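These are the structures, in structure tokens.
Below are two complexes that have chain A in common, paired first with chain B and then with chain C.
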Partner chain A sequence: MIIKKIAVLLVAAIVSTSFIGCSSSTASKEIKIGLAAPLTGGSAQDGQSIQKGVELAVKMANEAGTISGKTLSVVTVDDKGDPSEAATVANKLAQDKSIAAIVGHFNSSATLAGAPIYNSAGVAHISPGSSAASVTNAGDYTFRVITTDAVQGAYVADWAAKDLGAKKIAILYENTDYGLGLAQVLQKSAGDVGASIVMQEAYEVGASDFSTVLTKMASTDADLLFIGGLYNETALIAKQLKKFAMKDLKIMGVDAIYSDALIELGGADVEGVLLTGYFHESAENKVAQDFIAAYKKEYNETPGTYAAYAYDATLIIIDAIKNVGNDRSAIQKYIAGLKDFQGATGVSTFDANGDVVKDPLRLTIKDGKFTIIK
Partner chain B sequence: MKIKLTKPVLAVVFALLLALPLVTTNNYVLHIFISMGIYVILSLSLNFVTGFAGQLSLGHAAFYGIGSYVGALIMLNFHVNFFLALIISAVVSGLFGFLLGLPTLRLKGDYLAIVTLGFGEIVRLVFINWAKVTRGPLGLPGIPKPTVFGVELNTSMAFYYMAIVMIIVTVVIMNKIINSGIGMAMQTVKADEIAAESVGIQPIKYKMLAFVISSAFAGIAGCFYASFISYISPTTFIYNTSVTILAMVVLGGLGSIPGSIVGAVILTLAPELLRFLSNYRMLIFGALMVVMMIYRPQGFWGAGKRVKNIYKIKAGGGKHVGHIKG
Partner chain C sequence: MFTQQLINGITVGGIYALIALGYSMVYGILRIVNFAHGDIFMMGTFLGLFFTQSLGMQFYIAFPLSAAATAFIGIFVEKIAYRPIRIADKLAVLISALGVSIFLQNLAQIIWGTETHAFKSGIEVSTFKFGGLILSNIQLIVIFLSCVLMMGLYFVVNKTKIGVAMRATSHNLNSAKLIGINTDRIISFTFGIGSALACIAGLLVGIYYDAVFPIMGYSYGLKAFAAAILGGIGSIPGAMVGGFVIGIVETFGAAYISAGYRDAFAFGILIIVLIFRPSGILGKKLVEKV
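Let's turn to the complex of A and B:
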């Protein structure tokens, strides 16, 4: 009995020391970059393409040569897209002093839960996908390579009203921080450019039947439907919209629907869908072209938006490490002062809040391919 | 495995826990222990209603969420002190427990489970759609940390010790109730409602009491969580969380306080220890739970000897639940 008791206590001791011990290992030949992304759960598809983007950037950098004799490596953790899990893994990454900076998180809610931890630990993190407005005030160590919803929403309103002549806009958005953020901004900026919002309806992520909201929209005389969501639902909405025969209705989305999956799922029904985008293979951007070529070679598929954002976030971190070494606060200062960084998603400059400023491309789908509108 | 929760064993465990932040400054380790603490309170509170009063609830995350949102909102909007917010969250969550209990506690077993499941979904949808107050899916960022006499307690160590204090308070209160007449009546209701009624115990009254106390403690855990993470959004208070808490209670052993603690500890620790499996982590975790339930259906620390224990107390021989063997 006593032996068993001792055994149990021993196990407990081993478990706790193995926890404590995990911070003490410092590999001197490697510089580590952390990656926190939703590798499982609802956003897993995007999380995995983020992982591919990061790993590709690191692989390319290592092939190009070592940084003062050290190679780069990635420490990947899964945040499941869940804020409480994000806080846990943020602590795990922030705690490991051999990690120079972090790419993460994807979901805005996960970024907001992780940001206080990174900021108090003093380690920079660059989000490849959190576009919510509230991330702006998250702290000095919080950066993102994606523009805020405010920028994209205003841009989309401008494009729709001024250049396409849309007067009546219907909004369908997913009921998440992302969708609601976009819808709110668009609603605000539509008034400024002389368009009115005739309908604003939310749908749950993963919904497959949109006939109710589409019927409602058909009864308004909307001339443009804006979708604040991701490619799966956009493809389904475009398909189900066909039976309403609203010929003059234009469908518009943002960069979140830039994915081959949209065309695969939507087929002919997504022809003519308009969207903003930050990278495209025919754009005159050598980094983007190199990235797309390398990505296709490595993974045998075309990269989506978030792979490109993740690639850029990693490039910025690698650039910082090359210039100032792996000191955490030096990296933060370097990124904060970064001007005109040429990445796959365009030219990045961070403002005082760590938000990026860049102009999107205007894309449409033509003959089953994303093409730039000239 | 036979471990008696004798005083020396408890003292050793307690001393180790107290010393932990002095041994390690690793915030990741402390973070996991604090999360564990939150789940310990949640599983203890659910165990109170499911384990002791025998009412299956599938909506415990709702009370957790109500406490979280109430605490966060009054701290953000009215700058209420954290400790007062903790009490208010407990009261409001308890009140919702009462309101839900009023019409539903007449239901039994599966039917009650379905109603609580529905309640959980309703609460989640309110968090998402009452955007004016809760900011909907955008969540509430920047929830303040507790302050004591103007000093902000924002270190992991502070939260760690607060969690320990809260767990001790929870365990002591629950232990007292369970071993009091009220607790006995509750367990009688669980064992046999008709028999309970025949000896003059009103089942509804005791079920309601269990429900309210359980909800109030979940509310406390929620408020603590909100201040600890400093950001909350509806995605935390989903059905999945209710099931996780229930799994902790069942895995640890229904109707046992040490069981609920062990269940919460294992189910928070295991996913972290399995992190090296990367994408297969949750798969293996699920498989382990299945294996566990096949080989140890009574849980890690089940209340197998609970009946005997009651006799012991009646005879004046035993002290309290600490003596359960399992």
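Let's turn to the complex of A and C:
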């Protein structure tokens, strides 16, 4: 009797699940975009703004109307900023054939772990934050909306030496593919513009004590400190530099330190920090202005760089879907051929390696605000 | 530069030592490694942040209050996560500790967000210069307070009645119970003291670096754990020595060799010492019972 009941229940369960299966496959009124970002772990702060940028872009696109009767949705996975975790979630996204293209990953090491998987599955992915030089050769399906460290490193070397007259540069970089890449490029391009590197030291991401390296730097005759890292550490370095009153020198970074968190955390000590940037609230382009307004309305905070990059990456994918539908290889071909795409972070064109080409802005912090140096 | 780096090293060493005490005391009594200790340290820091910034308290009220609150967190964690499985395999307690660690980290991220917060403590930073040497009042506070607290703890353990009970419990938990010591209370007391010290270390980190974040417990916890092992786990003076040795070695390694290998120096010295003295610098030799 009991066995019979169980059998009936089992049959009922199988039938009902198969119906559920049917209903979801026939009603694919959705086009899915994958998102792989570090939502937890050391880069969680950036991962979450990336998520906000992507979700905002999709929400705005859905509000503007459907794409041939279909709405967009986001499938989000957490790579924890960890390469092995990135490979796992990349497999998950790549195997789900209903996903048209992917925004991800953030950390260069995670992108490098995910890229072979996406490339062999034949699905395009656009990284909103991986600027390491090695991502260039990751494959035809790997794109990024952030310029390589080579571009920014050469640019800051030129700026420091030619316009600021800095001849002796100290470099502090985070001990990752990203930081090391920046340091190497800067070291190489400093020689080209007649500046020398007087100190080059690495620190661990999440480190809070910089007194040791700053003491070491004080014994050199550096006139500019370049930081190859993110805003949290930059704020700490600027603070400890002031706190220990060791030396007054210029601090320079790249777009990775463009975040309100830098000013919140650094306060008066980060005044005068110089940085390159692609995204700024006073940038005179409509996409950026619309994005900032919508972001403020949706989340009640000003967007950071990576939210803007993620927004642009999503816009490009949506643009591709609008033009060629949700076929994976057609999307890859479309993105590869994309020229002069206006996004929130400037005008993007992809080169043969899937790297973006665009010019940075020169920014500084003045009266607690990022301002463009004219 | 040498003296300046020595001061830098002693400052971080003092913080490691304060956290290491918690690991060492708990190990001494229960023979377990409380892997959640680093995150209790972090919770203490964030409680300090919460009391000073969200509730607007003055630091001289907020800091003792957060130390007390953290002591309760430590006691509570022991009660719900370790006590029920204390008689089980030691490995079960270890896994439970890792679980608590993940739980506290995520709890802090949910409550306070994932970002790094400035720790506006209300304590003004001023610096003194002697020749080429730069000392800040915060550095002096860190060094002074860590030494005083460690001496205080040493006094409590060696000269008071509850200290005698603690030592008895650490020698043999069951025998201590037989002679009428309320071992559960002693264990709670140990967790409370260890957690309060970790909280004070966290507040010092907050004041000194003016930045706190929810996963800060991991790296500090790991270094302090190494310090406890290095000094001889279970030994209170050992934890102090271990903390200072790790702080000074990693600072000198970073200063004179390469800052990128900072952590490698910290753990490298641990390996070297353990090769020659497996029980740590001040640890007692354990005789394996057959």
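Methods note: the second predicted complex is superposed on the first by the 341 of 374 C-alpha atoms of A that agree within 3 Å, B and C clash if a C-alpha of one lies under 4 Å from a C-alpha of the other, contacts with A are read in each partner's own complex, and residues count from 1 in each chain.
Please note the rule applied: a residue touches a chain if its C-beta (ideal position, glycine included) is under 8 Å from a C-beta of that chain, and two chains touch if they have at least 3 such contacts.
Bear in mind that the values here come from a model prediction, so they are computed numbers and not experimental data.
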Partner chain(s) touched by A:T40 [first = chain B, second = chain C, both, neither]: both
Partner chain in contact with A:S120 - chain B first, chain C second, else both or neither: first
Which superposed partner A:N175 touches (first chain B, second chain C, both, neither): both
First, second, both or neither for A:A235, with chain B first and chain C second: second
First, second, both or neither for A:L112, with chain B first and chain C second: first
Chain B versus chain C as contact partner of A:K297, first or second or both or neither: neither
Touching partner for A:N91 - first (chain B), second (chain C), both, neither: first
Which of chain B and chain C A:D78 touches, first, second, both or neither: first
Intersection of chain A interface sets (partners chain B, chain C): 40, 175
Touching residues (chain side chain A, partner chain C) in the complex: 40-42, 44-45, 48, 175, 201-204, 206-209, 211-213, 215-216, 218-219, 232, 235-236, 239-240, 243-246, 261, 264-265, 267
Touching residues (chain side chain C, partner chain A) in the complex: 1, 4-5, 8-9, 11-12, 106, 109, 114-118, 125, 127, 129, 134, 136, 205, 209-211, 213, 215-216, 218-219, 251, 254-255, 258-260, 262-263
List of chain A residues in touch with chain B within their complex: 1, 4-5, 8-9, 12, 15-16, 19-20, 22-23, 39-40, 76-78, 81-84, 87-88, 91-92, 94-95, 108-109, 112-113, 116-117, 120-121, 132, 134, 137-138, 175-181
Chain A contact footprint on chain B (complex, rising order): 1-3, 9, 12, 16, 20, 23-24, 26-29, 31-32, 35, 128-129, 131, 136-139, 141-142, 154, 225, 229-233, 235-236, 269, 272-273, 275, 278-279, 281-282
